[in-house]
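Below you'll find a set of structures to go through.
Next come two complexes built around subunit A: one with subunit B, the other with subunit C.
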Partner chain A sequence: MKGTAMLRSSRVRPYAITGGRTIARMPLLLETLVSVPDYDLMVHQMLVAESRDIYALCRSVQSIAEISAALDMPLGVVRVLVSDLADDGRLRIHPTAVHAGVPEHMLLERVLRGLQTIKH
Partner chain B sequence: MVSRPSSTELSPTAISTKIVIAGGFGAGKTTFVRSISEIEPVTTEALMTEASQDFDDLAATPEKITTTVAMDFGRVSLDQELALYLFGTPGQDRFWFLWDDLIRGALGAVVLADPRRLADCFPAVEYFENVPEAPFIVALNCFDGILPFELDDVRAALAIGPEVPLLTCDARDTASAVYTLTELVRYAMNFAGPPALV
Partner chain C sequence: MSRKILIVGAGQSGLQLAHGLLQHGYQVTLMSARTADEIRGGRVMSTQAMFDAALQHERDLGLNFWEDEGPHFDGLGFSLAGPDGSLALDWAGRLNAFAQSVDQRVKMAGWLEALEQRGGRVIIHGVTVSDLDRLVNRYDLTIVAAGKGELVQLFGRDPSHSPYAAPQRALSVVYVHGLGPRPERGDLATVNFNLVPGVGELFIMPALTTTGPCDILFFEGIPDGPLDRFTGIRSPEEHLRLTLELMERYVPWEYARAHNVELTDWGGTLAGRYAPVVRNPVGPLPSGGAVLGMADVVVANDPITGQGSNNAAKCAAIYLERILAHGDRPYDQAFMQEVFGHFWDYAQYPTTWTNAMLQPPPPHIVQVLGAAAGHQQIADRFANGFNDPRDFFSWFMDPGKAASYLESVVGAAV
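Here is the complex of A and B:
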């Protein structure tokens, strides 16, 4: 039945099937951080130009927005390339605070504490 | 810009969150972000496509026209494991879809208003009133300390409820920008669930 098929496909969509495992796909928000867990020069040389630039940049932790700005790449392109690199295990997508399961009240307290440390 | 010794490198296990700085063109959004950011505010571009019929003179090219929309942002490492990003909204009202992207996952928003051109912030206020999951406050950026109205009159003009914090700020001043964000976060706490029992 068409309705059931649509339901099922929408339930599966947020997951990527990689190497027999189903990995919950993190949403790529503007502030989502990504990093390279184990930088490998061989991988670097194997990648196509734009992905290679992202891979090299993310040796230090970067947000989606920072990648876009640093490489002068539209956000949409960054999102696609980052997802592909993450699917291949080249990049790690960090959860954002909302998705890391930090209770909201604790997060807000932590933000308040952090703001108080800003020197002026 | 605020320089902090441990700011450049985030931990490999760091997580992030964000606050949106909204308001009309020239309200001081970029200035506000710069006052707090440990990096020089950077501009990034979102690519969008528009139907080609809006561009009659380009009718010879049947492909869609792509337009880039600039928005700027800054970053503060609140601790080694938590980065706070501040995103300024793009000026043009017709890019509302980008606001949806900006606000997704945000702790809340500060609507900056230039008291001399109060009406410029109406679209932003209206937008956030329709996004109940993102609390917002209104901060009047008092260019050169001039506030030509009483705050109550401003509240009436903005038609915001008595619960919405309304304050004045100086977007150029770090302490004032920090205070403004603090007020937003305190206000957001009213919407968060009760503190965990730990």
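Here is the complex of A and C:
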């Protein structure tokens, strides 16, 4: 029974249009790092309040968890605003250690620090 | 500048509406608690049998990706267990157009990926009330389509439309490969509705899952009765074993074709229960904003009539139409009430019918189900009511109307 179930795996295409390939962006994990590569005062002044705070903070590299803690902003709001800033080319999402396959001690430490200060 | 709409929830209604709005030039952000891969590799969520009217809404948006790949069914079989456990009644009605069940793990994962490819913004996050409170002002309209999380608590229960305070059935679902045919059905592929009075119901339907075509065995057990045994079952193998044991005991005519079944995958089982409920469509937020609920967030019926995904598809189509018709006017609370009103104009019928089907069948319904065995046209009308339950209110739901309908059919046949 188990053998035949194994053989059947993945017979169904995810969906027909692209044969299952996807360009979906990786989800923003707590440890995902983001930064503003080219800080621009004009952009800063143009942004609405909460996006502006993230834009300013990310002049130095931040994790999603750190942004949430530093700005006392719910995680869902951080994820939406970071995603919007990235789509507009204002902010860069770094490939995470997990996705890049590179474990990184510093990263784990800063995630831990972010988690310890996060508020719900 | 195009209007910005936030949709929370990546199920049938949320994703269908997101695709519809995107195609009409709206700027759509959809928040899903899980990635497409997590949905695809997770547990089954539903039985999701969809009939023609609901499937048509998917075709209208070009979302019928699996229509050719997945098995169709063209009829509804009905079997009634007699007091001695034998098969007392058995017949099948023919649907005017085929129905289909595509595992939501396949469908929602695919629709989520397609949404992002087509230009929608997808955020992976399990949304909380405090998230919504801070996000709602950034969007012209925020819609909650996540019927299973904490957000449903934003929408108050409407007691006038919620006759039940407690779950009316204990639910158990198993996806299997290797189920044989019901010989009595011949070439007609059917969803089978087995009614065991006082015990519950067993529905069996063909479906498409992550490992290909399969069948779903779905028990609706009366709480604390002999089918209410799935709470605390840990392994999927044990879940299947118990399902087969109960089939052998209560619906042996279905067990006869189940000797070679096997689980589709480790995530192919589901058990649970919930009280059917209708909620207020406007969810107030602490800071004064408001969000609009849709589909099972606001109308959660028992799955006994298989209407959940059909209602979700119809709700998404109605919300899309009303949002488009609203033009540039603000999406205020009056608009939210009005949109839900349009959905409720329809949903009151499946809701009333579904709540009635949870009760022991009254004499006039027993008569109808009996007469259907001898009159194909009655069986067919019953089957097609699952596609549009409003028709049941012209005959099935009312003793007087049922009597005159039966008389017209039986009288004409003499």
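Rule of thumb we're sticking to: the second predicted complex is superposed on the first by the 76 of 120 C-alpha atoms of A that agree within 3 Å, B and C clash if a C-alpha of one lies under 4 Å from a C-alpha of the other, contacts with A are read in each partner's own complex, and residues count from 1 in each chain.
What we mean here is this: a residue touches a chain if its C-beta (ideal position, glycine included) is under 8 Å from a C-beta of that chain, and two chains touch if they have at least 3 such contacts.
Computed from a prediction, not measured in an experiment: that's the story for all the values here.
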**Message:** Contact-wise, after the overlay, does A:V80 reach subunit B, subunit C, both or neither (first, second, both, neither)?
**Reply:** second
**Message:** Quick check for you: in the superposed arrangement, does A:V111 touch first (subunit B), second (subunit C), both or neither?
**Reply:** first
**Fill in**
Max touched-residue count on subunit A (subunit B vs subunit C) belongs to chain B
**Asked** With the two structures laid over each other on chain A, which partner does A:S60 touch: subunit B (first), subunit C (second), both, or neither?
**Response** first
**Asked** Looking at the overlay, does A:P95 come into contact with subunit B only (first), subunit C only (second), both, or neither?
**Response** first
**Complete:** Dual-contact residues of subunit A, meaning touching subunit B and subunit C, are 27, 74-77, 120
**Request:** Spell out the part of subunit C that touches subunit A in their complex, as residue ranges.
**Result:** 29, 31, 35-36, 40, 65-66, 69, 106, 109-114, 116-117, 121-128, 130-132, 134-135, 138, 177, 208-212, 262-265
**Request:** Please name which positions on subunit A make contact with subunit B in the complex.
**Result:** 27, 29-33, 35, 37, 60-61, 63, 65-66, 68-70, 72, 74-77, 94-100, 102-108, 110-120
**Message:** If we count contacts the way the header does, which residues on subunit B are in touch with subunit A in the complex?
**Reply:** 2, 4, 9-18, 36, 42-47, 68, 73, 75-79, 82-85, 87, 101-102, 104-105, 107, 173-175, 178, 181-182, 185-186, 188-189, 192-196
**Prompt:** Where on subunit A does subunit C make contact in their complex?
**Reply:** 1, 4-5, 8-18, 22-25, 27-28, 48, 50, 73-77, 79-80, 83-84, 87, 120
